[in-house]
Amino acid sequence: MPTASERIPAAVRPLVSERARKTLDLVEKFVNEECLPADPVYHAQLGTGATRWTYPPIMTELKTKARSLGLWNQFLAGHEHGGAGFTNLEYGLMCEQLGRSRTASEATNNAAPDTGNMELLAKYGSEAQKKRWLGPLLEGEIRSCYVMTEPDTASSDATNVQLSIKREGNEYVLNGQKWWISGAGDPRCKVYIVLGKTDPNHADKYKQQSIIIVPSDSPGIEVKRMLSVYGYDDAPHGHAHLIFRNVRVPAENIVLGEGRGFEVMQGRMGPGRIHHAMRSIGAAEEALRWLLTRANAPHKQPFGKQLSEQGVILQWMAKSRIEIDAARLIVLNAAAAIDAGNAKTALVEIAQAKILVPNMALDVIDRAVQTHGAEGICQDTPLAYMWAQVRTVRIADGPDEAHLEQLGKKENKKAAEARDLIQRQVEKTDALFKKYGTKELGPCPRL
Amino acid sequence: MPTASERIPAAVRPLVSERARKTLDLVEKFVNEECLPADPVYHAQLGTGATRWTYPPIMTELKTKARSLGLWNQFLAGHEHGGAGFTNLEYGLMCEQLGRSRTASEATNNAAPDTGNMELLAKYGSEAQKKRWLGPLLEGEIRSCYVMTEPDTASSDATNVQLSIKREGNEYVLNGQKWWISGAGDPRCKVYIVLGKTDPNHADKYKQQSIIIVPSDSPGIEVKRMLSVYGYDDAPHGHAHLIFRNVRVPAENIVLGEGRGFEVMQGRMGPGRIHHAMRSIGAAEEALRWLLTRANAPHKQPFGKQLSEQGVILQWMAKSRIEIDAARLIVLNAAAAIDAGNAKTALVEIAQAKILVPNMALDVIDRAVQTHGAEGICQDTPLAYMWAQVRTVRIADGPDEAHLEQLGKKENKKAAEARDLIQRQVEKTDALFKKYGTKELGPCPRL
Amino acid sequence: MPTASERIPAAVRPLVSERARKTLDLVEKFVNEECLPADPVYHAQLGTGATRWTYPPIMTELKTKARSLGLWNQFLAGHEHGGAGFTNLEYGLMCEQLGRSRTASEATNNAAPDTGNMELLAKYGSEAQKKRWLGPLLEGEIRSCYVMTEPDTASSDATNVQLSIKREGNEYVLNGQKWWISGAGDPRCKVYIVLGKTDPNHADKYKQQSIIIVPSDSPGIEVKRMLSVYGYDDAPHGHAHLIFRNVRVPAENIVLGEGRGFEVMQGRMGPGRIHHAMRSIGAAEEALRWLLTRANAPHKQPFGKQLSEQGVILQWMAKSRIEIDAARLIVLNAAAAIDAGNAKTALVEIAQAKILVPNMALDVIDRAVQTHGAEGICQDTPLAYMWAQVRTVRIADGPDEAHLEQLGKKENKKAAEARDLIQRQVEKTDALFKKYGTKELGPCPRL
Amino acid sequence: MPTASERIPAAVRPLVSERARKTLDLVEKFVNEECLPADPVYHAQLGTGATRWTYPPIMTELKTKARSLGLWNQFLAGHEHGGAGFTNLEYGLMCEQLGRSRTASEATNNAAPDTGNMELLAKYGSEAQKKRWLGPLLEGEIRSCYVMTEPDTASSDATNVQLSIKREGNEYVLNGQKWWISGAGDPRCKVYIVLGKTDPNHADKYKQQSIIIVPSDSPGIEVKRMLSVYGYDDAPHGHAHLIFRNVRVPAENIVLGEGRGFEVMQGRMGPGRIHHAMRSIGAAEEALRWLLTRANAPHKQPFGKQLSEQGVILQWMAKSRIEIDAARLIVLNAAAAIDAGNAKTALVEIAQAKILVPNMALDVIDRAVQTHGAEGICQDTPLAYMWAQVRTVRIADGPDEAHLEQLGKKENKKAAEARDLIQRQVEKTDALFKKYGTKELGPCPRL
């Protein structure tokens, strides 16, 4: 089989450096030989009882191996802090490989939400904040949460956020609820990046919010319960419903300054969506690999026929191939657009990737599930869990429908020019009709 | 509005030369300012009666303008014969612009089936054949047909072709039927490139066929009738059902040699599919432009609301934007794959484009039709005709289903490697379970 | 093959009388043995030239036969005027048979728009109006148009209609434009039922409109042009774009009274939609029959395999069967709802049929087209024309999207009750938790 | 809100007796007022630890209430053994109500797989078998499993089953593996109905199988593990992977006789599929109810707009309404077909229901999930669990694709008649052409 670097789509091959190709192949090899085999062991080490919310020993082994191979923090695109200097497109290709395994992103310290939090701290953090939190995160010693979503508001619109952050003397006091705080189940999670309101009555609704750093062991934080995703608890990472009751943190924990939460939050987005999308593409590729394997399993020939001899299954393979490849090009094009400009100039391309990829991946994974029959919906393949993971992407960071509406409005802005163009053409057409003395086609002869 | 060259997707921008960008913008301008306004006049000049199968005068004007602008024969990628030397990707981008208009491809001498026929003659023709037929075709003085499909066989599988080509002395004698001979209605169509069987009993079923050049005015050719496409006769081009009765042509009209028809036919394919696909993308873009215009038409506000204020219509805009852009990347990637290798090494990419594009374009055009209501299904917009044209692409050159099955079989060839990979991972997983002494998750506690 | 009456779905069989079953089988036999064979002759008798907008002689033969068999005006459900007294469900089953052929509805005098116009005249017409127009229509001596849609407004919302109907002495004077006036091409079309505004400034926007009867040969009516539907002109019926310039009609031609146009218009709808939907179901069944035939055609075996041996084609057959049968039940259920109440109490059921059926039929017909390949898109099967006909149904009488939005709003009205129900259940759940002392599931053990 | 009996579709209303309507409304009331409120308590009483695979006390309360209301064993259609004598259609309507709640089917002793097993015992069991097992099952004292599926074969094709049932003296000895043995986790599950091979070499491959009754506490049965469904363990019911090692049962436990397993198995199917499908329809209705509630939740207005004001959400409501109603009619029609004949004469109708319903329900439920956002995928609504449950239906009892292929083959059997009909029509058409002297439409005038 050609390696990952040999399979880079022809259209973008010129954009990938020799160094990135080598790293890409190394990532693929690491995922194939270390991470995918470790996934079931990781799952089993969690167990169902007392050990479920702990740190599975095999992760330590994987992290050590990854680091020794130089596969560490590739996400830090072109940053200082030991950033690897890969372009978004190059790192995106690596994310596809990481996305095939449950353990690979964490093993190489490229796992969300740490990556976004590290970027945030690197970009907006004070020196003290960097020293205390960014350093250990870059070393993979601790983990973090991004604490934004709230249960009782439509918080996909961040202006609705209600958690109160009140200045009292040299401290800020936090009160409110948050949920879907992913990673809060991990015993190594030491820090929360929290979005709340410092000035809920500010005339400019984009200046009411602030972002503040909260140690996860601060008194007053209660984990009300853990949320499941289609029956999966995602241990030990987990998704917490948190209650903040008079949680006090030093004033210097505010990021960038009071009232700048919205600005910081927006700076955090962008490339992350690309990388998340590429992970979903990796999941889809992995699902297709399972589909191929099952469709040719010698002991599974219902009514005497191999599934891969059936036209319908062959169509699933073909459609999956087309859909995965089209989605990958959409994401890589968005990455190229960021690399050629920035996340703001690439908004349309990023939105396309955000919308298209999870819907595509869900279709491909579901075909793999269906091909496996009962085996596909249980714990015997990674497929059912993969599907549940990808299903969240259609909701996280704003539902499809919100992004479609925004993208539609952007497209609609071209309407005036489209109308003008058609109008000018109509006028020219009229002139041509006159010039040639051509008659418009009339009614039926009888009339 | 940014020009066509400014809208080239970020991912492939590095692959387009400065010269190609300039030509691309010139093509766009020509299509916008000359061809689209001329389309309704072209249609009207055909009329409904005696003039329907003639050469509309406005085409002469367009061809003269195109040639004076240097927009001529761009399809001749890197060939001698005055070829412009554009890559497939570069010419593909131009095809997208040409595909927005009914007249643009012919006006610039880039129209099918002439382009494929010219490539065939340039590649396989004898000097005499080139002189007599290729020259006038390159000059746009005459037009041609590609005569392959037959009514009574499943001739998408070319080995089924039955038209008989029999050697008699210094001549070949043709007998049989052909249909869907596109372009046969045009009075300027002077030559047929005909596929038939010279040796129907040859043991190798790929050596039974030959391709032969037949002047369109040869005695014995009867146009039995013209075929319609969803009610459109496609005049003056048209699609003919032909009968060959003892049609005699000189022996030197055979192309490349007896029994080499299959080989010649296969050489003719490839890039043409890319260019055709790009034209359909142009059609989809044009349809979206119409959709935008109608959704904002001030006099069309059912129940007091502009269509563009409705969420469903905004979703149509957004989805159309995503689907068009994804399909374009798939085609450009196929073009890049041909440019980096050849049509054979890019088979998978070409098949993806062949399958994906018309299905996408039909969806987009149908949304534009639906947005227009009754206006969309009649002659008042280019949409209904456009839809019918693109609908043929799902059938021409083999139906979707045949291409999907082939592509599925190609994907299925990866099954062995997929299985081996999973198998090796399972073994490694077992080893890890042992190493760590981890237990697989067991049954429920009760049991 | 079981007859039409034997194929009535089990669920509704008890609703069909013995008499209706017999008539239904007679209709099927008439369509099979007379109408379907006559369709291509009808088409050919129209020709392409001077005879195109005339009355094909074979229609006279069909009408005579139909009448002699007692197959005439079955649509007149339970009315006086010689109405056959069938229920909507019974007549609906007959419409399915009629819808399989291009000629059958007219041959049995059950063709739109005459049926709706006859119902309108029977229900709202004065005795004089009935005598002059309803009589000859019931006899099939003349035909009629329903003149409502306008080119320059969003007239799917009838309050937007702008054609002016002004009283002057003992006459009304009409000025304005109308289009999509179906049937206006037929030389036997003698009367127009016209919707316009008599009082455009009336405070109640539903009282501004009136309906008036206009002889088709009234001076001042110009047929500006005929509109095509995907390339089809639908001759000799046709769809006209009409201009009314000071068209004068006697005051007694007003229907029911000035300002009652909206009321009359609404009374005209309802059952007609059911019958139209059943005709589309007949078209889908006929398309499936063609699909089955082609998939087993002995001379069409691409790559050596009968299409009906391919899993994908078998799935098309199965899905088509399911989708047709589900859509038929939806329509029959709407008919049963009208029969059990009236068109107003069955609004939801009628809307369901209006939306579901054409979308289903387009899918089925398109599968049949694709199965036929090039043969499917031209004049050699009824499929392409059928598709174009059904495509109009997604637009006529309001686009899908308008009906979906209305239906959505109706469903949404149940929200309050749904919320209350869920709310009461939540309260009961809380009580049960207390009663049992059960604890809600808490956080992960670590926390 | 109208009651369940008032909402019976008009088309089938005449088929539902007064008695059934009353019971139906009682079932709805019981589900609304008792079961739906009990569902979260049932879930919580299971806990996450030692109590997970036990019998939640609230079920006892529900069963007592159900029985006191006379809501017990309604499934026993027209049988002796205290059967309620409802038709399949009538009981189907009740199943829809039961399917809205997690607890309702068991609370009324209408839960799978017991219902099918009770029918099997009632139909094929010996008197002793009935006394020992059927009695307690009818009383709801014990539960049962249906043990058919195997992990290492394509056992959707029952001829592939491999578990060995060997006669040894007065006993049978069972060896082999089974999985997806639903209900095996329940402590009250006392009996397994097992399909295996008594004569694996029998020439008739439908006579190799036997069905035998095995007490669940028989020595030699190991629960290897419990299978999860998208992360759900379905406790306390559960899905077991069982190993049979020399499990011995008395010879009289064989059902109907050796070699008659296939026959018994086929007799078990049929109506069960209808009732299962109706439960999924109930789930879809419940999901739509949640969707309506959320779309109008006052505290959830992203970007200042209620979801129910958005066109896309309104379309979801409308489409869901149409799709649910169409699917319900398909199932009720199948039930009516069984009631009018039997499960064999209604094979096509049953297959339609089997295929259509889960696909429809998954779409509707997924729309409800998406409308809820993050709330929809976790434990805070019944939606995610409901989705996972319904997802299994596309696989259980044979995957969609197998049923589609079978249904396609049945439809394809009509091809010969379709061809004959078309052929006869072509001949008649030819005769008509001659009779009228009509010419077929020829080529373009030029030619």
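To keep things simple, chains are lettered A, B, C and D as they appear, and every chain counts its residues starting from 1.
Here is the rule we use: a contact is a pair of C-beta atoms (placed from the backbone, for glycine too) under 8 Å apart; a residue touches a chain by one contact, two chains touch by 3 or more.
In this text the structure is predicted, and so the values were computed from the model without any measurement.
Chains that touch both chain C and chain D are the following: A, B.
Taking the mean Cα position of each chain as its centre, C sits at the greatest distance from chain A.
One simple way to say how far apart two chains are is to compare their mean CA positions; for chain B and chain D this gives 48 Å.
One finds 37 Å separating the Cα centroids of chain A and chain D.
Each of the following residues of chain C touches two or more other chains: 49, 233, 310-313, 315, 379, 401, 404-405, 440-441. Residues of chain A touching chain D in their complex: 49, 149, 151-154, 156-157, 160, 179-180, 227-233, 239, 299-303, 310, 312-313, 369-370, 373-380, 384-385, 387-388, 391-392, 394-396, 399-402, 404-405.
Contact residues of chain B toward chain A in the complex are 1, 9-15, 32-33, 36-41, 43-45, 47-48, 57-58, 89, 288-290, 292-293, 295-296, 308, 311, 313-322, 325-327, 329-330, 332-334, 336-337, 339-340, 346, 348-349, 352, 355-356, 379, 401, 403-409, 411-412, 414-419, 421-422, 425-429, 431-433, 436, 438-441. Partner chain B is touched in their complex by these residues of chain D: 49-50, 52-54, 185, 187, 223-226, 233, 235, 238, 240, 310-313, 315, 440-447.
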